[in-house]
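In the part that follows, the structures are each spelled out as structure tokens.
Two complexes, one shared chain (subunit A), two partners (subunit B, subunit C).
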Partner chain A sequence: MATNTIRQTAQGVPPRSPSRRRGRAEARAALLFLLPAVLLVLVFRIIPLFWGFGLSLTSATATTPGEFIGWGNYLRALDDPNFRASIANAGVVLLAVPLFVTIPMVLAILIDQGVPGRAFFRSVYFLPVVLSSVIIGSIFSIVLGFNGQLNGALKLLGIPGVDWLGQSATALPVTLVIQSWSTFGMGVLIFLAGLSTVPKDMVEAARLEGAKMWQIWWHIIIPELRPVIEFSTVITTIGLLTSMFGLIYVLTGGGPGTATTVPEYLIWAAQGRLNQPAYAAALSIILFVCTGILAWLQIRIMSRNANF
Partner chain B sequence: MAGAGKRQRLALRLASIPMGLLALSCLYPMFFAVNNALKTRHDYLLDRFGLATQPTLDNFAQAWTGAHLDQYFLNSVIATVGAVLLLMVVSSMAGFALASLRFPYRRFLFIVILSSLMIPVQVVLVPYMRTMVALHLINTHIGLILSYTAFFLPFSVYMMTAFYSTLPRELIEAARIDGAKLFQVWWHVMVPLGMPALVTLGIINTLNCWNDILIALLTMQKNRTIMVGISALKGQYSDQIPLFTAGIVIAAAPIVALYVIFQRRIVSGIAAGAVKG
Partner chain C sequence: MHRLKLITAVAAVLLTSPALAQEITVWDVNVDEPSHATYYAGAKAAFEAAHPGATLTFQSQPDAEYYTLLGTAFASKTGPDVIWANGGAQAKSLVGGLIPLDDKLPDLISKLVGKSAFTAPDGKLYFIPTTLQGHVVYYNKTLYKAAGLDPNKPPATWAEVTKMCDALKATKVACFMMANKEGFEAEFFLSEMANQSLTAQQQADWLTGKLHWSDAPIKAILQAWVDTAKAGWYQEGGNSQTMFMDEFTLFSQGGAGNVWGLLSNVAHWKVFEKDMGVDNVGVYPMPSPTVAADQHEGAPGVPLDGGVGYGVNKDSPNIDLAVDAVKILASPEVLANLVKDSGVVPANTLVDTSGIDSPGLKQIMGWLADRAVPTTHANSSAAELDEWHRQSQLLLNGDTTVDAAAAALDKIQAQAKPQ
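Presenting the complex of A and B:
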């Protein structure tokens, strides 16, 4: 992704102008134009990243600077049951990635193939994506509460109520279902963009030769979508690791116990409620390494599929 | 679809049933919130499922003033409008420089800005908060505006750079021959030309800022935004669902309105961003 644009922009710039003085003035102006952007990113993101790494090697608290303790906070994470639980939960979350990718893909292909009502589906499926996770979490916390509408409806059918968000067995799966429900519209959008590049005449030719619908899907459409599938897998994974905070905060508060505590939530809890900023900083760096590897994969996939 | 067989058409028609139910489920939460917000507490306790038979706006009035949502709403408006405008200015300036001007370290600076995409708030949570404290920006609107700008900037800069690099450089040369300074070229040529992209960015960033919870939760505890306010209401008003859902409707209304009006732009802008950036 990044490399592509750089190449494109580089091509757009003609050879050196004859006037060197003007060139220097242009360079000075350019740096001034860039100054606000660079300053903001440096102050709020890049410097804090290095500062956070430094902090993670100390025993600092909210009020004292602490002292250098090397990898102590990282070693501590290995023994911390909360951290272990959060990693296990993240593992469960990541197991759901194939579903997060496949369901939108199937829906997008169906829309692309002309399912009746597709214009309506297209616009409505995206509505949950634009709503804040706070809004979605609040509404579902009512509906799924022990005295909520879902249990009320089940009762009418003679099924006993379940404390969906209050017991460990169901809290994480239910949270995941809500997360996938609230983001699948994004996946549909990405796959629809990808489907517009699948050659229509190939699909048509196969159909004229008598290929069945599932054969066309399996042998033509899905192979053609491979770059989109890879892309969607990577951004879904990054999204699941870094954008579930709002939903968990409103829906379950990480609980019951640690049932829905994922790494990003634990970082927040360690920083605030547990008052262990240095430890939180170490957890942050661990998360950064994981998402960094994924982002590197994303950039590689995107630059390989430059034309898509 | 000329050659589509009967069986395929039947399969698609069958698929449209679960797809239709899924579509209804996407509309249900907002319906649920509006419907229950119109009930009195008593009505809700009697019937949690049915339509509000005697709709009342009391809950909205009470949530707006009694639960301080008016103040929270205002805070969100200030932060969102401020950050969206600042994002437009900063990303248009940076995009202009990166796409149209020649200077040393251009590539390097582009990569520096873009690579910060890999640093979400969670990854710098503690040092970010300490930075805010050190700069006396905690609980201030300007602090939240600067934070939103910093965290939503890379994508915006990327989009403006891509947009401006499709414009011919002769434009700038022509304007400079007329004696215009580069700042004037930016303001009088690049900003108007960049408007289509800037408007799309503005809408997408409005969604980002208005919907944010984590950044506001960290830095605006004494000066809540609407989303922080709603998440706090959840605990306080758990036995007053109609009042709580009225708050939800108030918090979601601007975004739903924006989506209804600008649906095409939002969808195409986000698709472009997702696929390219």
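Presenting the complex of A and C:
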């Protein structure tokens, strides 16, 4: 045995144990299983990302390849008042993230605490999630139109009608409320899943000790939900920055002026209305970098908290 | 074995015969439109009769995303052989992917009007217009009567328009429909106001970018946009009202006394005569607040240009056949079907329209002969129109001033039409 080992070492061949061979076989199998997903991400995400970056450095139009112009499109974006307005709007949208996280969390806790009709509420809350943003946009365009049902109801109360979607002051807040309504059901579902991991005996013990409901929420449930809150914050932030196009397109068309124009809408306008794919690509890269930095920061905070 | 050889030989002949393997594809947003069915069927039959073995296929495309899809198809060189487009900024932005048609179809082109909407800055024609598009005002005669106005004497001067609006307002009826959610109403307004207030030279300067948004004649139009809103000409909520989805239906239902409408395709004489009754709808050219030196008070012009047209993809493997398909689509025999069924005004002067019995169309055809003026918004760049959409909404809400809007538009114009 000792002789064999010395011979293998002398020949430069490391000894192979059965467990090491099994480990390599497992790694190969894992790679094989991962391959379809890796290929999909590579072909439909990573390669287009680099292709888009290359395009953003040119003056290409829909019909001409254009020339290499370096950072020209990025400098143009900095000088574009519509882009600056869209970034400001994105800032307002991000300010709404706490509401987008808190509302489903509170509703999920209420359902988990056993409010009457919890099964009904759980279904009703989830219903808007299955509707497409185009349908939701169409419904609210009618309801919130100047001659729509909401103004009709206000009129009955003697309150003058408001052009909810046509006024700069109201268009973005109203759009955010609708976005919140259409997505909070998914948040409720995520928090309900998280609540199932909160130790019931701890809550029960606190109750027996005479803790009030808000004390139980504040000192037990919410701290236990911390990882879920952080996860929800990350996906809500990314969702708000990259998935509001459909709703805005149908509800307001980005207007009035630039009141509801967010970067992703401007990207579409540059490509779809102005035939400027290179400029659209530059805006896309900027949005990607901003979203990436935000997600990285949030994940970093999550990881740090997980280490406590 | 012999049968197999025979089949192989026939297949080889079929595959190597260019005529038999050729399919010409056309992208068009109106393919599913019932009123266009006879037109497409006629074009297909004429093309396939002229080119045995070749086929002409119309592929329906969504209206809202059409130019996005077309841009993507151009970029990946997977576009159709024949391309449909609206005249104006969108068509002109596509010319890099098309072949000029001046030398290909000189006889046909000599019979066409409305070519400037499809003529690139290099002076070449890249689309063959099939229809004319223009802007006139349609009005509701019943509402005019109720307001004490003569339904057979529409306004011909700005003073008369103002008087008419005051009369309608007194009966709690909006004077003009306003639907500016997409900014299209502002486009129409620009052309309708410029039709009489700009000289021919100023219209030419506008096309080349020498006339600016902050120059007096254009700034006066922006001011008129604000002033008419302040004067209460429009129904409330105009910035959240869609044009093609809602506005024209609401007008047909009596939502306002007047609407800025079109000559062809949608929101035109045939649609309104059908929806409101021939006797209840009237038409007139829109007067402007000021009258340019070479225009005539009381005889406003009609902004007129090519409506839609067909071009040929420069990457098409069958360019000659594609050119012939365009020729057939614009031929008087085939186009006559479209005129009869959907009421478009044809760009080919050889199309016979005498059989159409419509008082509205007769009036329009009369104006086209001597009152046609350029369509100002069609001679604007896509970037300028995009910004005008935004600024018009802000002006309507009182969120910006005319000076600030004109300055913002000047900046875009300077980028789009560098001098």
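Basically, the second predicted complex is superposed on the first by the 248 of 308 C-alpha atoms of A that agree within 3 Å, B and C clash if a C-alpha of one lies under 4 Å from a C-alpha of the other, contacts with A are read in each partner's own complex, and residues count from 1 in each chain.
Everything that follows uses one rule, which is that a contact is a pair of C-beta atoms (placed from the backbone, for glycine too) under 8 Å apart; a residue touches a chain by one contact, two chains touch by 3 or more.
Remember, it's a predicted structure, so these values are computed and weren't measured experimentally.
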Subunit B versus subunit C as contact partner of A:Ile221, first or second or both or neither: neither
First, second, both or neither for A:Pro277, with subunit B first and subunit C second: both
Subunit A residues touched by each partner, larger count belonging to subunit B or subunit C: B
Partner chain(s) touched by A:Val41 [first = subunit B, second = subunit C, both, neither]: first
First (subunit B), second (subunit C), both or neither touched by A:Ala108: neither
Subunit A positions touched by subunit B in one structure and by subunit C in the second: 141, 268, 271, 277
Of all residues in subunit B, those that touch subunit A in their complex: 1, 3-5, 7-8, 11-13, 15-16, 19-20, 22-23, 25-27, 29-30, 32-33, 36, 48-49, 89-91, 93-94, 96-104, 106-107, 109-120, 122-131, 146-147, 149-151, 153-154, 157-158, 161-162, 165, 169, 182-183, 186, 207, 210-214, 217, 227, 230-231, 234, 241, 244-245, 248, 251-252, 255-256, 258-259, 263, 266-267, 270-271, 274-277
Partner subunit A, residues of subunit C touching it in the complex: 65, 67-68, 70-72, 74-75, 93-98, 181-183, 235-241, 382-383, 386-387, 389-391, 393-394, 396-397, 399-400, 408
Footprint of subunit B on subunit A - complex, ascending: 1-2, 5-6, 8-10, 12-14, 16-17, 23, 26-27, 29-31, 33-34, 36-38, 40-41, 43-49, 51-52, 55, 107, 110, 113-117, 120-121, 123-143, 148-149, 152-153, 181, 185-186, 189-190, 192-194, 204, 207-208, 213, 231, 235, 242, 245-246, 249-250, 264, 267-268, 271, 277-278, 280-281, 284-285, 287-288, 291-292, 295, 308
List of subunit A residues in touch with subunit C within their complex: 60-64, 81-82, 141, 144-147, 161, 163-168, 252-253, 255-258, 268-269, 271-275, 277
